[in-house]
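Two complexes are shown next, each including subunit A; its partner changes from subunit B in the first to subunit C in the second.
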Partner chain A sequence: MFFHIVLERNMQLHPRHFGPHLRDKLVAKLMKDVEGTCSGRHGFVVAITGVEDIGKGLIREGTGFVTFPVKYQCVVFRPFKGEILEAVVTMVNKMGFFAEAGPVQIFVSNHLIPDDMEFQSGDVPNYTTSDGSVKIQKESEVRLKIIGTRVDATEIFCIGTIKDDFLGVISDPGAAV
Partner chain B sequence: MSGEEEENAAELKIGEEFLKAKSLMNCEVAIILEHRYEQLQQMSDGGGDPSSQMSQVFEKSLGYVKRFSRYKNPDAVRQVRETLSRYGLHEFELCTLGNLCPDTADEAKALVPSLVPGGRFDVDERIDKMLNDLSLIKKFE
Partner chain C sequence: MGSLEPFNRLVKLAARAFYDDISMKGDNQPKTSRGDNRGMAVVVLDALTRRQWVREEDLAKSLKLHSKQLRRILRFFEEEKLVTRDHRKESAKGAKIYSAAAAAAGDGQSGTKEGEEKVKLHTHSYCCLDYAQICDVVRYRIHRMKKTLKDELDSRNTVQHYICPNCKKRYSAFDALQLVSYTDEYFHCENCNGELVAESDKLASEEMGDGDDNARKRRREKLNDMQQRIDEQLKPLQAQLKRVKDLPAPEFGSLQSWERLNIGAFAHGDPSAADSSRNAQGQYNGTPMPYLGETKVEVALSGSGAKEEGAESGTDGTVMKVLPPWMVREGMNITKEQRGETSNTTKGDEKSEGKDEKKQDSKGDEKSIQDEYIKAYYEALKKRQEEEDAKRMQEEGHTLSSESHAKRLLGTKTKREDGDVEDEGVEWEEEQLAGNTAETYKFVDLNAEAPESGDEEDDIDWEEG
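Right, the complex of A and B next:
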């Protein structure tokens, strides 16, 4: 799920930036440093939408750098266990398939794909029901439930399932061809 | 983090910080990110393409929300939030429903199990009415 939240960060600024444009420099540096990063607690920082408050700077002894506490609003993407969302399939193999929902990668193991769907190898590997009516392949859109998250220093990785009511394929790219 | 073990969106256990935060529907995120993308484009009008300044996270998120936005028109997006907020939903529930647009009360309850306890939706008709309101917005968008 995407959220709009307020975060805080201590920014260090070199004295050469001090002047009438100090605030602009600080905001530009904040965007460069924070956007695109990921933390286990807050998820992926997609975009900064505003700066709420810049506190009083504190000179760091010995370096001349000044630290400013900055409060900013941003859009983050944070997946939660138990959340249901839509995702695009990026890779299919006999172990299961990978899907992407925005910046996050989700793996759905073949144990968590309905039992009536069988893996078919070939040019376009896919999972298909025995009657061929439902197919999961690259670029398929699926609705899945997140059942586990693994948090890395710079990434969040999810495990999902489509073996439940109202989950599974929403659109099949092969159907249009 | 102590709360990690108990995290479960189905019971709205998403941590204090996110409970208080504002959730966004995909269509709302699309509006924000597209606006931002245009700003970047204007800034780099002198040369260079804006995608070089965007993080991969931004690019992927923009692609995702464009693909999975149920409502494209900003007025419709505002209406969806207004309509759903009349039903006493939590932010997270509101956005899950707005993103997935279930067709039936059973589907809605399966996708957002936290609707069931608490007696807000003791009769399915109330959920049906809510879903009907949603589909009307989509129809007249």
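Right, the complex of A and C next:
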């Protein structure tokens, strides 16, 4: 799920940036530092949408670095248990398949794949229904439900299932070609 | 009160389905077979279906339970949200208000023995079934059961676990990313690089060895079986739930409002407030007349030897117009009012119970069989009488037209009767020979008819015996 929230961070700025564009430099550095990171609490920071407030800088003794407390608005993405996501399959093996929805890695184990889908090894490993009408392989887009999340300080990993109503392949790259 | 019965039935079914084997034991008590009080919960719930607000002491007394034991059960049911309880400090007078209300409510179970000398304040607990909540609770419970099972069956919401057969290290699906091997399609142990196998989970975890397709299949079978059994065994309960769904749940309100209501109804001479409540009012200072009803219930119960439930439905019987000498015999002292009060529940209830209630013991079946038999018998009897009537009419016509013909017919008829009737028939023939006019014949015929039917009554007895 996406959230638009305000976060705060202490930015350290190198003295070489001090000058007329200090503020721009600060924001650019903030974006570089923060976007794409993950915090266990808030999830992935997708994008910074604005800077609310930059506090008074504090010059570090000895180094000359300045620390600015910065408040910024950002969009974060945090997967939740029970959430339905659309994801792209990245790898298929006998144990199930991996997919990713943006920065989030999701594993769907083979017992959470409908029973009528069988693993087919070969050049392009895939899960296929007995009549061959539905195929899950690399680059397939699937809609899945998250049934568990493991949130580390820097990473969020999810377990998903496609064994439920309206879940499964939503576009098949093989068919499109 | 009319809408109470389906709800009571729901409570009874639910009690048997879910609270049958619940033992109300303190943890400190040793588990001896003698102290085994499983099923007590069911008895208490059943008893509560026959009451409205009831003081717990009285309930304990009438159930011959220790009040502590009863309280433990009631506390359990309170937690289960089946029962609402109310505690209050009251003097003897307050208790009497309750008693009057109870009597006015006509639930007939307020066998209070409130001594006048009690002036001290005592904390009394009252309890009552909360029908509306019970419906919700039961529905929710069934829903949860089914959902859990279904999820388990579809292995939904279960995080797969993997185990290394070599070093027995366990992994969950969350570790999947680290376990992927790019050489083959299996997960590999981080320690020994052995191939991991999926571990079958939860309900079938006893056969942990091979977490493969075989175990999965077995597990599925087990779950399927369980699901089927749930469906099957809860069918009567669910049918009852459906029946009850659109009915307004009986609402007794809080203890205070209930008391007020009942006393009020009674003061207005509400016809539903029965005779006995007038009694209670008359001796408002003394003990309110305990209903005679309760004793009767027990009599019927021991007589038919049935479960509480059976006996319960047995006692109330307005259906019983047709009914059964045997029933009347057992519940001889049932008052009319009581019959009227608990009307029209018995027969259908009992019969359907016989059909779908699994726990109904053979006694209930026997009852319904007897019932059936008696009905059929009466029907046959009626038919036969009608036949005979018709025949007699015919005969009469014939007699008028030709005497000899009538004689022959009569002869055949007597032959049809059993030996007992034989001499009767003979007598009749003689008479007929003596007096030839149609009138005398008629007169004699009437005479002859009476003993005949009497004979038939004998016949019944003989068949029954």
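Keep this in mind: the second predicted complex is superposed on the first by the 160 of 177 C-alpha atoms of A that agree within 3 Å, B and C clash if a C-alpha of one lies under 4 Å from a C-alpha of the other, contacts with A are read in each partner's own complex, and residues count from 1 in each chain.
By our rule, contacts are C-beta pairs under 8 Å (C-beta built on N, C-alpha and C of every residue); 3 or more make two chains touch, one makes a residue touch a chain.
Fair warning: this is a prediction, and the values are worked out from it, not measured in the lab.
K.L.:
Please indicate which partner A:T63 is in contact with in the superposed arrangement: first for subunit B, second for subunit C, both, or neither.
P.N.:
Neither subunit B nor subunit C is touched by A:T63.
K.L.:
Quick one: is A:R150 in contact with subunit B, with subunit C, with both, or with neither? Answer first, second, both or neither.
P.N.:
Only subunit C is touched by A:R150; subunit B is not.
K.L.:
Who wins on subunit A residues touched, subunit B or subunit C?
P.N.:
B
K.L.:
When the two structures are overlaid on chain A, which partner does A:M1 contact: first (subunit B), second (subunit C), both, or neither?
P.N.:
Touch status of A:M1: first partner only.
K.L.:
What is the contact status of A:L112 with respect to subunit B (first) and subunit C (second): first, second, both, or neither?
P.N.:
The answer is second: A:L112 touches subunit C but not subunit B.
K.L.:
By the touch definition above, which subunit A residues appear in both interfaces, subunit B in one complex and subunit C in the other?
P.N.:
164
K.L.:
For subunit C, which residues count as touching subunit A in their complex?
P.N.:
154-160, 162, 173-174, 176-177, 180, 185-187, 198, 216
K.L.:
Which residues of subunit A touch subunit B in the complex?
P.N.:
1-6, 35-38, 40-42, 44-47, 49, 75, 77-78, 80-86, 88, 100-103, 141, 143, 146, 149, 164-166
K.L.:
Can you list the subunit B residues touching subunit A in their complex?
P.N.:
1, 7-11, 13-14, 17-18, 21-26, 28-29, 32-33, 36, 55-58, 60-61, 64-65, 67-68, 92, 95-96, 99-100, 102, 107, 110-112
K.L.:
Using the touch rule from the top, collect the residues of subunit A that touch subunit C in their complex.
P.N.:
Residues in contact with subunit C: 91, 93-96, 98, 105, 107, 109-112, 119, 121, 125, 147-148, 150, 157, 159, 161, 163-164.
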